[in-house]
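After this come two complexes, each holding subunit A, first together with subunit B and then together with subunit C.
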Partner chain A sequence: MREVVCELCPRKCVIPEGGAGDCRVRVNIGGKLLASTYGRPSAMHIDPMEKKPLYHFHPGSPVFSIATAGCNLHCLNCQNWQLSQSGGEEIEEIFNADPVDLVALARDQGCESIAYTYSDPVVFYEYVYDSSILAHEAGMQNVFITAGYINTEPLRRLCKVIDAANTDLKAFDDGFYRKTTGATLQPVLDALVTFREEGVWLEVTNLLIPTLNDDLSMIRRMAKWIGRELGEGTPLHFSRFHPMYRMRNLPPTPGETLDRARQEAMDAGLKYVYVGNISGHKGNSTYCPVDGTLLIKRVGFMISEYKLTSDGRCPTCNEPVPGVWQ
Partner chain B sequence: MWRRNRHSRRRFLGVLGGMFAGVMTPPWAVGCAREEKKAMREADYYRPRGQGESGREE
Partner chain C sequence: MISMLQAIRHWHSSDYRLVGLLSLTLVVIALFLGGQQETEMTGSSWRRIDMEIFQERLDSGKLSAHEAEWFHAAKPAELQLRKPGGTP
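Here is the complex of A and B:
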């Protein structure tokens, strides 16, 4: 038996010949580890950048978004479980789009960026890497939407070809990670720091699940850590939970919980804290942290007012707002 | 029975036809499927079990 050890993510799966890793899509065939979903996305959509969510990176632009089957996390509340918790064999739609086809398709659709998203793109790493190089050559940008459960060495290499990332920091508690996602916290924190060190534009999302990770003291510790390690200008998105997959026993997150979390994070020093999955909420919009001017008003994923100057500053006090605006 | 229920007869013939078409997959279509399998790419980060990261035995 020619077993191999996958060194892409912290699980370091030992995969027997003919078997697959925990992600179900990295397979050992004849002693070689193959990326079985390379060039085979199962989801392709054009989304607004706000849906990722990325609020400080080319706001309002369309982004060509793809995913393949498989994931290296197994969140009980997964929203895309039909896609992520599958090796692809149960999925009806699998497209053939190698990196050349993908970039051409995205351009034909008028998109200036490609998002690797929906499931965790860590498991189709090679597809992301090869496509991102071609996308850069074509003058496009790459966006990586991930849970950040990846080893540092492959992530550093990927950061050379990625322009922006939104990382899901699911809780600031290792116990939560182990029970709810099957992963661990520390590698995710390491990935966040790596994104920052490598100069990738970074935003962080935290899905608040009632009773499991909505403790305000934990939120304060998380916000302090983000401010200290990633910078106080790092956008943080608190997202509303909806009952899904194997976690249908809990109610949707109350709006007041999201409000309290947002206030707690801002009190801890973060300048741009958002509320997601509640359309029309005040926390969907961007405000100047100095004088409170409304800079970008959002309704759902749409932008209804845009007042930032062309170089990304507040029009009243000239405060620079971190982000990639042009 | 067939005279009494032509819908059932059509369904039966449709299923039979589908099965026949499935068995009779043209050889060039089988070749295409094999060609697709070749597109899998070798992963970037792995090692044979038994070798440490610096080539040492585990």
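Here is the complex of A and C:
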């Protein structure tokens, strides 16, 4: 039968000939596993870096953002389910953009970085890896927006060519992961630590879903873990949930819940805690953790004030703010 | 509660055996479900896809035949982990 075992993510799918992995896009043909969406993105956009969200990495710059079909998670609240929960044989729109074409296209559009995003780029790993090498050769940066459900060995290799990552830590609870995403927590925590160990600039996002993962004691434990394992300067983004896909029975996250979560995480020692998906919120902006000076004011994804010094310090007290600013 | 205790006092030995058997069955079911949860993330997942359309798209270049990294031929022990049928 020539079954193969995919070693890329913790599922370690055992795939018979003519079948696909759980991600739908890694397909066994004749005992060989194909990365069927290599060079075949189904989404291409130019986004502000803040949309990823990456707030401490080249703020305000445009980033060429791509995704292919497929995902190795199956979140009930997925925002991109038409893309992520489809295989290459199901999706209508497929572009032809091999790594050389992709880098040239991004450059032509005036972007200095490429984001592998929207669905989970873990499932188009080889495309990310090859494109990232070429992007570096062209003097560009690579950002990886992921749920972090990937085995350590492939991730370490990828980290050599990735400059920044935003990893979705969906909850600090394995039961939530199993019920809501079809994945497990520990590999995600391992991936976060790997990003940090490998020197990739890292930010973390936590989407707060009413009643499912908004418990303040869990948020405190998560923030403590982030501070201890990743560093208190690691930016944490609390993001607002909107009813979507198979989770339309819950309301959007109330603003007060996001406020309380932000305060809890800051009380636990994190220095840069943000609120996302609510335009104009105080928590969209960056403040100096020492004297409270407003450093970067954001309105939605736009920057309206920028006061950091050229080497990334607070202009009032000279406190260095971790990030990649130039 | 009291009437329940009174009922238990009047049990015959066959009743105890029945209750014991039911309890054992529940324990076995719990162990089975617990074990299934532990292993469900490893090795069990694969999906059936429409190979006719997939092959058409490969042939037309709409999809890629690029060989993936990070896989190996399944060993006999790993085959035991695969669920028959696959998920559509």
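The rule we apply is simple: the second predicted complex is superposed on the first by the 326 of 326 C-alpha atoms of A that agree within 3 Å, B and C clash if a C-alpha of one lies under 4 Å from a C-alpha of the other, contacts with A are read in each partner's own complex, and residues count from 1 in each chain.
The rule we apply is simple: contacts are C-beta pairs under 8 Å (C-beta built on N, C-alpha and C of every residue); 3 or more make two chains touch, one makes a residue touch a chain.
Quantities reported herein were computed from a predicted structural model and do not represent experimental measurements.
Chemist: Given the touch rule stated above, what does A:170 touch, subunit B (first), subunit C (second), both, or neither?
Modeler: Neither subunit B nor subunit C is touched by A:170.
Chemist: Thinking of the overlay built on chain A, is A:298 touched by subunit B (first), by subunit C (second), by both, or by neither?
Modeler: neither
Chemist: Answer with first, second, both or neither: which of subunit B and subunit C does A:178 touch in the superposed model?
Modeler: second
Chemist: Looking at the overlay, what does A:22 touch: subunit B (first), subunit C (second), both, or neither?
Modeler: second
Chemist: Looking at A:240, would you say it contacts subunit B, subunit C, both, or neither? Reply first, second, both or neither.
Modeler: A:240 sits against neither subunit B nor subunit C.
Chemist: By residue count, is subunit A touched more by subunit B or by subunit C?
Modeler: Larger number of subunit A residues touched: C.
Chemist: Scan A:38 for contacts with subunit B and subunit C and give back first, second, both or neither.
Modeler: both
Chemist: Output check: A:87 vs subunit B and subunit C. Expected answer is one of first, second, both, neither. What do you get?
Modeler: second
Chemist: Just subunit B (first), just subunit C (second), both, or neither: which does A:7 touch?
Modeler: both
Chemist: Pick out the shared contact residues on subunit A: the ones touching subunit B in one complex and subunit C in the other.
Modeler: 2-8, 14, 26, 29, 31-36, 38-40, 96, 125-127, 151, 154
Chemist: List the residues on subunit C that touch subunit A in their complex, please.
Modeler: The contact residues of subunit C facing subunit A are 37, 41-51, 53-54, 57-58, 61-75, 78-79, 81-82, 86-87.
Chemist: For subunit A, which residues count as touching subunit B in their complex?
Modeler: Residues in contact with subunit B: 2-8, 14, 26, 29, 31-36, 38-40, 96, 98, 125-127, 129-130, 151, 153-154.
Chemist: Within the complex, which stretch of subunit B touches subunit A?
Modeler: Those in contact with subunit A are residues 36, 39-50, 53.
Chemist: Show me the residue ranges of subunit A that touch subunit C in the complex, using the header's touch definition.
Modeler: 2-8, 10-16, 18-22, 24, 26-27, 29, 31-40, 87-90, 94, 96, 125-127, 151, 154, 178, 183-184
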